[in-house]
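Heads up, the next two complexes both have chain A, just with different partners, chain B and then chain C.
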Partner chain A sequence: MTSDSNPRTIVLDGETVAFERGETLFEIAQRHRRDVPSLCYDDRLDPFGGCRLCIVQLEGARKPVASCTTKAEPGMRVTTHNATLDMHRRVILEMVASENRDVDVDELSGYASQEMSTLLDRYDARSGRFDGAHSGTSRPDDGNPFILRDYDNCISCYRCVRVCAEQEGDYAISVMNRGFDTQITTEFGGFLEDSSCTFCGQCVQTCPTGALGDIKALRAKDVPEPVEKTRSVCPYCGVGCAVDILSKGDKVVGIQPAMDGPANEGALCVKGQFAFDFVHHPDRLKTPFVRNDHGQLVPASWDEALDKAAAGLLEAVNEHGRHSLYAVASGRAPNEAGYLMQKFVRAGLGTSYIDNCSRA
Partner chain B sequence: MPPTNDELIARARTEPAPLLPLLHRLHERDGYLSEEALRAVAKGLRIPIADLFGTVTFYHHFSRQEGGHAAPRVCTGPVCSLHGAHALLEGLDGATPMPCSGRCDEPIPVLRGNKTFVSVDGGALEQRSTPLPPPAPDGVAECVFKHIRDPDRKTLSGYRAGGGYQALARALESLTPESLIEIVDESGLTGRGGAGFPTGRKWRAVRDADGERKTVVCNADEGEPGCFKDRALMDHDPHAVLEGMALACVATGAEHAFLYLRYEYPETEHLLKTAIAEAESAGILGADASGSRKAIHIHLRRGAGAYICGEETSLLNSLEGKHPFPRDRPPYPVTHGYEGTPTAVNNVETLASIPPIVRNGADWYRALGLGEHAGTKVISLSGDIARPGNYEVPLGLPLSTLLNEWAGGPRSGRSIQAVTMAGLSGGFLADDDLDVTLDEPSIRAKGSFLGAGGIMVFDDTRDMVEVAHMAMEFFAEESCGKCFPCRIGTQRLTERLSTGGGPATLEAWLDEVNDLNRTMKETSACGLGQAAPLITESLLRYFPDGVASHVARTG
Partner chain C sequence: MSNPLRDMEKPDVIFCIGTNMTECHPVAATRLKKAIANGARMIVADPRVIGLVEHADMHLQLRVGSDSALLLAMAHVIQRAGLIDPGFIAERTTEAEAFLEHVKEFTPEWASEICRVEPALIEEAAILYGTADRGAIYYTLGITEHICGVDNVQSLCNLALMTGNVGREGTGINPMRGQNNIQGAGDVGAIPNNYCGFQPVTDPAIQAKFEKAYGREIDREKGITKVRALDEAGKSIRAMFIDGENTVVTDPDREHCEHALKSLDFLVVCDLFMTETAELADVVFPATGFTETDGTQTNTERRVQRLRRAVPPPGEAKADWWIISRLAQRMGFHGFDYTDASEVFNELCRLSTTYAGLDWDRVEFGEYQWPVPEEGHPGTPRLHEDGFINGRGVFKLIRYRDPAETIDDDYPVWLTTGRRLESYHSRTQTGRSQGIDYLLPEEVLEVHPDDVTAWGLADGGWAEMASRRGAVTIRVKATERSPRGTVFSSFSFNDVPVNILTGAGYDPVTDTAELKVCPVTVRPASKSGGVAAD
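Our next item is the complex of A and B:
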């Protein structure tokens, strides 16, 4: 395709490429696998222009421009990589490395937690230059069981604040102070538990440094086996959020939302994100139980259990009438199972007393 | 009985840009911003409480401690520091430092509640009005200062006696907006806040932009250290600024204009309020401005202490009650400004120049400059100079003429070692480069810029590394925290200019500082981070020996 046949093209590193109206230079470069680095970018969020790593050279512009906030216009000539751009990127990354306690965090911290350390290695930026004060202040006093607030590793990209506002609509966290004193805060600097945080964990999963960490997954940090990811669907409600189940050996150690999950696009709720301990819990039911003649629960086969339940239901109907029964379908069941449940209650039991736990 | 939260919030809901005025009323009522008051504001104005809390902490002067509003704040800007600000700070009970508060011609200002006191030569604190500009040398024609020394100039009748509001009347009666813009275009007037964008072109862009509703904003957030010209203009000639704003409304088609005033000028706020009320009750401003059947409303809004709010897109976010980070550009304010409306953001001096230009014509204004340069520029001159103050110079005047002839030269027995340009943002000029003329092309050729026109003078007794350290500390303190190169870079440069920071060898020190300078200049998101490294760059250029001994001493 040439600029003659389609005016909506730019020249990207010497190659003429087409773009959609409203597309940014960063999006175009990504589509063409230019591997332009960034630390403040999350494609679900409004471009922010903070980290300045995604700078590109635009012909005619005095200075490099941030490609994430620059919309493509026909005829632009863009260079994504040259010695000057890479020098600036390396200096910025050396600055970033200098403000943190350490840069290597466990991959169990969160989905994006390796972004910074990967870039530091790619640009050979662990030089120790620009040594000086560290910028973040961790909150070990926040004793919530889910989200580690290890701000000693924070680089003030504000992805957490933005995902909380733009994706979750929670506005639980914000930016306090300014400049090098900037901190991520809740209202009045309190604990997450006392804020409007719902512990959905999206801030954890978008954090590029592990400054926000998944406390539950990190329990398995010292387990020697490698982390395996298995794509699945969240077992809770019927929305069908795609998740990656993290396991080490035969143990589930954590859950991460699938960024490409069609129903959730990286979002989860507190249950889907953090409530997986039932999997290996010693109290977990593995067979049906029925009560024996002494009223004690004993393991049983499914046939025994279903017979017992059917007998109980029939006895109630015979003794108190069909409207003595009321059924609640689980919110974890998909639509099809919910449909079967109401069919069973209406046609089988003969009552209209059927509801769903999301409402009941 | 002081007003209740509910009463104040109900009032705020009827006003445009309500957050800052509401916070100021609560701050003054309670002496600080309590958690309870902020929770009421969040609920009343429907702002998430975490956002509101974060935004309040952004501003220097909003106190979250009981009694904070009344506690003394001492200016520790570059010039006040030379005059003993730190000793004054230590001697005042409960005092905290504040960045340059725009009174460098009469140091040292101390803010207490809503009053500015001056400690002259470290003596007792007294309230004094803003100094008038020193008289211009014989034969020099002025534009914005021409009438500023007239008696009663700050009153409506005094302003009218000097031809005030005639330009507005003419514009409303016999000029089309297009011909008004043409006059401004032809005068060659450019933005006097520092960016130097042609004013007529800006107005035309706003007028032509899509959208019925347009907005005018007067940027009076004069936060640049060493700049105090807008304060003099507003304090002694407030109606000239209002008339300029009204003309901007006529030209662009705006009905609402905001004057965003920096926090540190409480007396100016009072004077402007009086002037706006006078102009409204005389029918000059209001729903039927000057009988034109056009509405022109001017709203006064007070900042809360943040240098970055002088950057126009931060200012707009601040007006809208948002976190005052600069916005990404494009789109520019001329198409997407206040609440998304096409907005003309103009500096105080720019707007005050408009009425005399309309009265006297574009040619008259152009001819005020020397050679090819059109018009005048007010220079705020301070530091080690015999007669500090605001001087309105013809553009193109040699710097040495201003320093030595107009302002009396250095203190006796001393020589000038260096001056700053654009307040602090242009870095230093020294040695042969002091041989410049006061206009952008001449100063830009030396790697600096004239900007808002603040010039601080440092004589041969001063340690320029220490001056540079103070300057960089200011930028680090005022960096908003949005972009990485500025947030981290200003901090790292400050550390390297202070005692005991950075590499021990000169080679490594220079290697780091040069890299920081270059990357900050090229990749920072706004003017703050792009300008801050001019300090270190010019320090290295003019004072390499001073830098070498600094590194040898501290490394």
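Our next item is the complex of A and C:
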């Protein structure tokens, strides 16, 4: 088979594969389940070509090329894995690791926080062959309650800066200097709170090393149970961002955006990202309450409360008719709650004396 | 929304009116920012210098409550400049002739007197929207929470119809729904006029369908709205069952509302916390919250998604569906023997028109946007692509009306209310999440710096703000986000119950409260609440 019999194909590790106009070699390789390593890549962001881990061999090219920034052209012959490529990747990783103080980062740090340490293990790159220089100075002085800024772990992939600019449109953080002096910083080198940061957490979730970490989730670092993820939907506004609820045992410990969430495609805002722990607040009601003879609300059993509520509502209906009872459904509760509230008045009383909170 | 959220990256002209999207729907706003990065132009109409303005090409800083005048004048310009879409109008609409005649009267000069926006700016905005290939309108409560809320929405529809900006990618009339499941609450029939799927209770065939399903006679008259029910509390309404709503804090005219609930013979409330409303109840049921509940929820683009339980609820808290059905059973009502949420959802789908093709398993991955009229239907991301549900789009002849109360010598300042990014509604949830206080420790009243000086206030000092219904003491923040003569605050903090002040009037069609406009006075005060001596 020749390449010009079907112009839009390349040969990937010996296999002829089709591609779409504009696709990069990295995207094609991913689509065909080639496990090409990457650190500066986030499929929501413009390719950056910074880390060079995604290098592949192009037939006819003198040196390997970064696959994430190389667009496919008909007839290219590409090798994603061989001993030379793996050797290059290992050296790159060893150098990256030398910059990185804490190679093992708790998975609660953020969605992508394990990318770096996973690669180090896969390429057996914890050799300590290069040591010394670090880029970035940590900002333990930034007292914000959400985002850890531990730039000792920064590897200058700029994913945080890029996600903030390209996805959020906030431009709260930027890059200063180059090489080992590289520093991720806000305007004027200050705290996030004083920048245009909205604490959406996007930078935290895309950081591959845990240099940026989710402070609220990390509070549960020492809780022994494993982290479980449950897909659900944010409880705040009508956008309906899909989230993964992180829990350990019976406790919710954090929230991560669902990268494949149909409404949000990986994005969240400060409420969805960080305002979750109300669910464990001591003020939560744990039992029913009924008003006693002294006019006080006191805890009661379900039986007692249901009986009392049924009797009180029926009394009104019996004395003043079906149209004396009114039900208000919640714009916060699930569809099943709203459906049953309307069924309650319609099937129970034959009225439409029902509304929800959309008018206020 | 007529169009899906992903369409927000596609318009070439964006018209945002009455929506503080960067704070209220931040993730949706990021999509508009992407459209702008790709070259889209944006018009923002809002009395305040909201976050969106930084990204806009034009800011129409209209007086609060004057939206319909602005929109009439925009229609006038589009008509006069010949920017209408005759093909679309002929094929898809009715009443166009009368409408195009009607708008001739409403010049930008006329509107300018009411809106306080330069006629040239109105003209420019109209031409920008009128010449768009893909013009999209986005709005929220800034449009609807007025006595003329319905007129405002219809005025936006008129603009979209006359320019053919409906039913295509990157166009549409897109209300951004405020609460996570406010869309769903309407979809499932928790409204006085419709059963689930917006099937009117007044239609005899539909009445018969539900009488059969529910096994009893049901009124063919609409019920009354919550606003009317609160007015009738203690009179014809004697008992209420309220699920998950902090009515006292979030509804307008708090004193009236509290009084109404207190005058009931019996009140049952279901909530996560002992809210100000729950405290007035005779029985309070503890409900499960986010992370503890299996169920479904429908977002602003009509997408039905699954909620999943990750952890057990605290103590004996129970899911809403369980509480409502067990209470119904104890009251002797039939048809409430459910064993889990999926049975409830499947029944809803069977009876609905818009959810008819869905069931519990099909919404697993959240890929359906209603209407899904039958099994196997892929859902409807974009409404009105091949026609309007009711045949043709109808132009409505709107006239401008003043808000229920307008400023005068006694109450010379416009107050407008809204939400802030970091807090949500009555803060029963955000207020109990750690760290949020760091960003937003207390409510403030946003006042233009020149007004701060003119009214003898101090930035960071206290003010007493009063309307015809009450007064609150609130900290002052000088900011050019507020125009002169207009102040802003949210209604989220219980210690500054701003909704004591609001609630002068209601839209005659929907009974939506006029929360966005309220004439007030603002005077210096001391923290204890007293008004400072001059």
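In this text, the second predicted complex is superposed on the first by the 279 of 360 C-alpha atoms of A that agree within 3 Å, B and C clash if a C-alpha of one lies under 4 Å from a C-alpha of the other, contacts with A are read in each partner's own complex, and residues count from 1 in each chain.
What we mean here is this: a contact is a pair of C-beta atoms (placed from the backbone, for glycine too) under 8 Å apart; a residue touches a chain by one contact, two chains touch by 3 or more.
This one's a predicted model, so the numbers in the text were calculated from it and none came from an experiment.
K.L.:
For A:Val96, select first, second, both or neither according to whether it touches chain B, chain C, the two together, or no partner.
P.N.:
Only chain B is touched by A:Val96; chain C is not.
K.L.:
Would you sort A:Phe146 into first (chain B), second (chain C), both or neither based on which partner it touches?
P.N.:
second
K.L.:
Is A:Thr16 touching anything from chain B or chain C once the two structures are fitted on A? First, second, both or neither.
P.N.:
The answer is neither, since A:Thr16 touches no partner chain.
K.L.:
Who touches more of chain A, chain B or chain C?
P.N.:
The partner making contact with more of chain A's residues is C.
K.L.:
I'd like to know which partner A:Leu340 touches here: chain B for first, chain C for second, both or neither.
P.N.:
A:Leu340: touches chain C, not chain B.
K.L.:
Which partner does A:His280 reach: the first (chain B), the second (chain C), both, or neither?
P.N.:
A:His280 contacts chain C only, not chain B.
K.L.:
Let me test your reading of the model: by the given contact rule, A:Val290 touches which partner, first (chain B), second (chain C), both or neither?
P.N.:
A:Val290 contacts chain C only, not chain B.
K.L.:
Write out the stretch or stretches of chain A touching chain C in their complex.
P.N.:
144-146, 167-169, 193, 198-200, 215-216, 228, 230-242, 245, 247, 250-252, 261-264, 267-272, 274-281, 283-291, 297, 302, 305-310, 312-317, 319-320, 323-348, 350-360
K.L.:
Help me check something: in the complex, which residues belonging to chain A touch chain B?
P.N.:
39, 47-53, 55, 63-64, 66, 69, 71, 87-88, 91-92, 95-96, 98-99, 129-133, 135, 155-156, 165, 171-182, 185-189, 195-196
K.L.:
For the complex, which residues does chain B have touching chain A?
P.N.:
The touching residues are 35, 48-51, 53-55, 57-58, 306, 308, 323, 328, 330, 476-485, 487-492, 495, 501-502, 512, 515-516, 518-519, 521-525, 530.
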